[in-house]
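Here is the structure we will look at, set down as structure tokens.
Chain IDs A, B, C and D follow the sequence of writing; residue 1 opens each chain.
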Amino acid sequence: MKVNIKYFGMIAETANRSEEVLEVAPGLSAKELKDQQIRKYQISDPDAVQLAVNQNLNSEVELKEGDEVAFLPPFAGG
Amino acid sequence: MKVNIKYFGMIAETANRSEEVLEVAPGLSAKELKDQQIRKYQISDPDAVQLAVNQNLNSEVELKEGDEVAFLPPFAGG
Amino acid sequence: MDKKKPKKIFVQGAIAPEKIAQSIANHQSKTNIGAHSIFLGQIRADEVNGKTVSAIDYSAYEEMAESVFHEIRETAFSKFNITCAHIYHSLGKVKKGELCLFVFTSSAHRKIAIEACNYFVEEIKSKVPIFGKEIFEDETHQWKTNK
Amino acid sequence: MDKKKPKKIFVQGAIAPEKIAQSIANHQSKTNIGAHSIFLGQIRADEVNGKTVSAIDYSAYEEMAESVFHEIRETAFSKFNITCAHIYHSLGKVKKGELCLFVFTSSAHRKIAIEACNYFVEEIKSKVPIFGKEIFEDETHQWKTNK
């Protein structure tokens, strides 16, 4: 199944991309996707990376076809 | 001896004056002056009236020649 | 030093929004500032026994007010690591909806700017001899008291 | 109702002081307001390892940011008796000394306006997905993190 991934800030810079569509195994969890992409792009300080699935901060969910998964570095508004 | 008296806000309105120079007995305390003027002008709510002697909030002092005594109603800045 | 300069607190009539914009713009060259906190007092059209406030006419024991204000300022600079502070209060008539108080503090960090701004507002309300006559639409009035 | 209207939080580039004056002036017809509290974030020329920040380039997960911001706003209106609230944050490059955040709350009474303003600032800093690239004078950069 397909999931739409978005990368922001420092993560987008490290991954050298801001979006991609990935084909993943049904039943993959957001947490597993996070670990996989962090290894793939060698993203530093993984504990500081938060995942938003369909705009909700949550790594505990199982992904579904068409989900939007955002990789978010620490917030820096203001 | 002479003291310079200033009235502000509601007190000036009640006393119908904003300044006057009074001849008072040497040794008169600010507190005594306050009581005397409050009676004279029938100023309401005397507990809400603060006295500033030479710009310091203090009714406990003995007055000296040339002191400036201000009768201050409740503050309302802002 | 901004801190040492004696500052006038009083302005005649309402404080214009453009004055606030000008004060903000004046700080763009101070690049050690990260946060500004601003408080504005505005005249409310309060209803009292069926009558509506149309303006407040402010007066003050000016010499004492300037000196109390100077002490508040000195204390604020010793308590808070602010880079600057600007305070203006109206004298004379300020109509409903217009501004009568402008407190503006700046610091490298937000919490300091915010705490200092609150400190100024509370100190000004409780310690500075300013008096306000609330004028109703029918030209009668009552005297305002800070709670 | 001001409260219900969906609001845009993001503006391109720095926030102009004139925009702040305009926002203030727009409230002069709301005569139930007695106090405004304003917070402004300004870009500091911080020094890091001998290099000086010349600008911050802001980006955001915009759709999520707008929706998180909407929730913050709803919560603020349920927690605080404010008459209105306006918040703007920059996207793109904001130079040192320029403004990147404008939070503006109004209420009948000062404490409510001030508390609500602080609430917005803290919530925006901790919950809204905004990212900042600190650009140094030599065109190198580092990523900013809120503390």
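Side notes on the structure shown:
Keep this in mind: contacts are C-beta pairs under 8 Å (C-beta built on N, C-alpha and C of every residue); 3 or more make two chains touch, one makes a residue touch a chain.
Bear in mind that the values here come from a model prediction, so they are computed numbers and not experimental data.
If chain C is disregarded, contacts among the remaining chains split them into A, D | B. Taking the mean of the C-alpha atoms as each chain's centre, chain A and chain B sit 73 Å apart.
In this assembly, the C-alpha centroid of chain A lies 49 Å from the C-alpha centroid of chain C. Centre-to-centre spacing of chain A and chain D amounts to 27 Å, using the average Cα coordinate of each chain. Contacts with at least two other chains are made by residues 41, 110, 121 of chain D. Among the residues of chain A, those in touch with two or more other chains are 78. Contact annotation for chain pairs lists A-D, B-C, C-D, with touch applied as defined. Listed in rising order, the residues of chain D touching chain C in the complex are 17-18, 20-22, 24-25, 27-45, 96-99, 106, 108, 110, 114, 118, 121. Listing the residues of chain C that touch chain B in their complex gives 41, 58-61, 63-64, 67-68, 89, 100-101, 121, 124-133, 143-146.
Contact residues of chain A toward chain D in the complex are 6, 8-10, 13, 48, 52, 55, 70, 72-78.
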